[in-house]
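Alright, structures below, take your time with them.
The two complexes that follow have subunit A in common; it is paired with subunit B in the first and with subunit C in the second.
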Partner chain A sequence: MTSPTSFDLKARLVAILGEKFGLPEDEVLSGATFDELDIDSLVLVELSLILRKELGVDLAEGDLDSSFRIDDAVAAVEAKRAMV
Partner chain B sequence: MSRAAVLCGLGGWVPAKAVANSTLAEQLDTTDEWIRTRTGIRQRFVIDPGQATSDLAVEAGRRALESARRTREHGGADGGPAPDVDLVVLATSTPDHPCPATAPVVAHRLGLAPVAAFDVGAVCTGFVYALATAASMVTAGLARRALVIGADTFSTILDPADRTTRAIFGDGAGAVVLRAGRPDEPGALLGFDLGSDGGGEELITVRAGGSRQRSTGAPAPEGDEWFSMRGREVFTQAVLCMSRSAEALLDGIGWRGEELDRMVAHQANVRILRAVGEQLGLAEDRLVVNLDRVGNTVAGSIPLALADAAASGGLRPGQRVLLTGFGGGLTWGSAALRWPELHVEPVPGLEGDEPAAAPDTHP
Partner chain C sequence: MPGSSARAERTVTISGIGLVTPAGIGVEANWERIRSGVSAAATDPELAGLAVDFSCRVPGFDANALLGRRTAWRLDRFVQLAIVAARQAVADAGLDRETWDSTRVGVVIGNSLGGTATVEAQHRTYYGGAPDEVSALMIPMAMVNMVAGYVAMDLRVHGPSLVTATACASGASALGVARDWLAGGVCDIVVAGGTESAISPATLTGLSRMGALSARRDDPAAASRPFAADRDGFVAAEGAGVLVLERARDAAARGARGYAHLVGFGASSDAHHATAPDPDGTGVTRALRTALADAGVAPDEVDHVNAHGTSTPMNDLTEARALHRVFGSRPAVTSTKGVTGHTLAAAGAVEAAYTALALRHGVVPPTANVRTLDPEIAVDVVTGEARTKPLRVAVSTSLGFGGHNAALVLTAA
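Our next item is the complex of A and B:
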């Protein structure tokens, strides 16, 4: 069950990955892991910094893992948001 | 009117030997594309066997002094009478020797002895710390005119087998001259923000070679004599610390982020510079970038980028300029000024090779 908030968050994550890192939306939504999307290790660090600024979530190095799919990343950010 | 330290001379220097990414790819398991996309760096310079940090510091210092002399002759930012330099502050974490400091020999070789001369150690933030120290001494009346140099030769402390650090770091130096002046002049240093967090000491370190290891009486564990860095954690901390420091300083001097014409951040990695720009809401054309041609030159980085940009028209009189750095310690710091009229010579080895506004990191 996806809450409206996490739906918005997922859309925002997909948009950032497209705009900032050139990842096609259909590939991000395909259920592929970040590893399988062939991003380099700094992209998740950069993504964490953008989300920290936009959402005020305190994402540490390693909170977003390259084994994650987009839904895992949304869940990780939601968990951090719940702690704020 | 209160007294201020005013920037009135600037110069940069790199050693003669350039090392292209393709050369590193012949020696290590890496590629030009990997290095360019991860860091934005295309080449770096390294000293020859037998050379030392003071050799770079002397050349950069000489050029900054010459810049101050020519600027004064042309009636620019340094139009007044010309007292001699009476202070030399050198930022470095690769001194010629563990003891003594390197600044006195630099002052001696520049013919400035017997001036006050000492080193400041804050790794990649070293230049900002040295600038704050010298500016404070000028403002307090302890010095009339200061030569502030940032110089490092990290090629001497990198593990030859480490493909990451060898791709990132290069040797280089930059220097500025500060004089006593007024706070409303172009070139006056308008404020500083400095900070540290020793809880992050392990993120950027050379483990062996200091008192902690030498007091054991045992040889250093294998590899501990080399520089090491925890890259991804450093990336995050660098972006957050430089952004917060920049914001604190802007707030302190009453500049809005959108009024900033140029940000000259420590040249660590073009992706760090972009991420700082993103945090501060700065357009990419506000970022001064020269790391594509010199790599990360540690304490040399900010003044070398300033000299390169000033000589190639990337910095113009009247612009609102923010300097910000982050480095081992952890340490960070920022400074701000309105860019003055300066006569600055191109950095030999970099002239005619225009800084790339935005090196392409996405192939």
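Our next item is the complex of A and C:
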């Protein structure tokens, strides 16, 4: 199985944020920070759990931050995957 | 009359009502259903296979549509119901959230069981061997106090916020606290009510094991029959009722007529048993007399009582004894739980709203499903059709597990 490209990964993350947290795609892609999207530290714990289950990526506390924008999150997930 | 001006200072106006109950969403839908006396109880797919598999749910409650998915997913249903009811109440009161002094607006909401569906789901995860999959949101979703916190956040108000927990008297307790905050000058506006959504399988099983619930699986719609000779328990319900309260002179000054005035509150404790009411009704009698004294109202001035009337054998007999002791058989008594089932912590607030609507419309709604009245009950229970009569003073009673009793006295606006 080939791993998704970063383009696919970004689309997947946007889809997850929409499906699980009710966030509109255009808002996520607008460059808003997670904080501005109401993704606080508790929701980041939820997001890490979802990413572990759906993408098999084991993010540690602190790998995601509420100051992140979507591209930062994509980069964090990719970095974690590269280590596996 | 001595004390009358001090009493006038304590009079508060119910200037807005929000209702999200098994009788419907919004004041008009609720009143229509309540006066028709048609029960909301039905078989509940989420309770399939349980000994009691029916309940009263809020029909067509779509939290995603009403609150937006972005907000709804992180809230347990008992909070969702309360936020929707609170928004309705504030809009109904005609208050402008942009211009009010938010530091002078308080929130007090009754709740008893918290986010039971959330807790049950997360406990399943934990005991299923996946503690690292327990949600970080479990605690903020489930805690009882969070409903007051979330309503304050949603309305962006910064006065005191509080959850009252006196079981099935919680909603009435909240209104009593609200009245005291207004009378004591702590707040200028209080958003007060009650909420409950605890019809999750393990919680409902707990109620069922107590013998508190009706077992009429073959005819759920006729199961809640307060004061009937053959009543056998209550029907578990969910819902929220939120009222906007203001000092009467403040409401009058801004031209708000309101639905009714809240003029008296009384509370007492049975100190008798965890769940059974004191069979003589001594505790609820004391709450009633305290509320009447607080209001400066004589028992023979009371035209209507919206009773707690849960449809359990013990509650209804105890309560009817107390009502008869205090009022004789003069007031028209009803229990709207025949329609709504028992919304637990929401009941006191929901029923205070129905009492205010009865005063406004001059209509006592009927107690649903009563074919034969319990012969031991000597009060004038309205059954069958709604009764139209001029109403000036009305009382709403609430009794909770733990022996909490509360009574509210309302007058026509």
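Rule of thumb we're sticking to: the second predicted complex is superposed on the first by the 80 of 84 C-alpha atoms of A that agree within 3 Å, B and C clash if a C-alpha of one lies under 4 Å from a C-alpha of the other, contacts with A are read in each partner's own complex, and residues count from 1 in each chain.
The rule is simple: a contact is a pair of C-beta atoms (placed from the backbone, for glycine too) under 8 Å apart; a residue touches a chain by one contact, two chains touch by 3 or more.
Quick caveat: nothing in here was measured; it's all calculated off a predicted structure.
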| item | value |
| --- | --- |
| Superposition on subunit A - do subunit B and subunit C clash or fit | clash |
| Partner chain in contact with A:50 - subunit B first, subunit C second, else both or neither | first |
| First, second, both or neither for A:38, with subunit B first and subunit C second | second |
| Which superposed partner A:61 touches (first subunit B, second subunit C, both, neither) | first |
| Which superposed partner A:23 touches (first subunit B, second subunit C, both, neither) | second |
| Superposed model, subunit C segment overlapping subunit B, candidates 187-195, 205-213 or 313-321 | 205-213 |
| Residues of subunit A that lie at the interface with subunit B and also at the interface with subunit C | 21-22, 42, 45-46, 49, 53 |
| Complex contact set, residues of subunit A against subunit B | 21-22, 40-42, 45-46, 48-50, 52-53, 60-61 |
| For the subunit A and subunit C complex, residues of the former touching the latter | 20-23, 38, 42-43, 45-46, 49, 53 |
| Subunit C residues touching subunit A - in the complex, by the definition given at the top | 64, 68-74, 132-133, 135-137, 140 |
| Touching residues (chain side subunit B, partner subunit A) in the complex | 37-38, 232-233, 235-236, 239-240, 271, 275, 278-279, 362 |
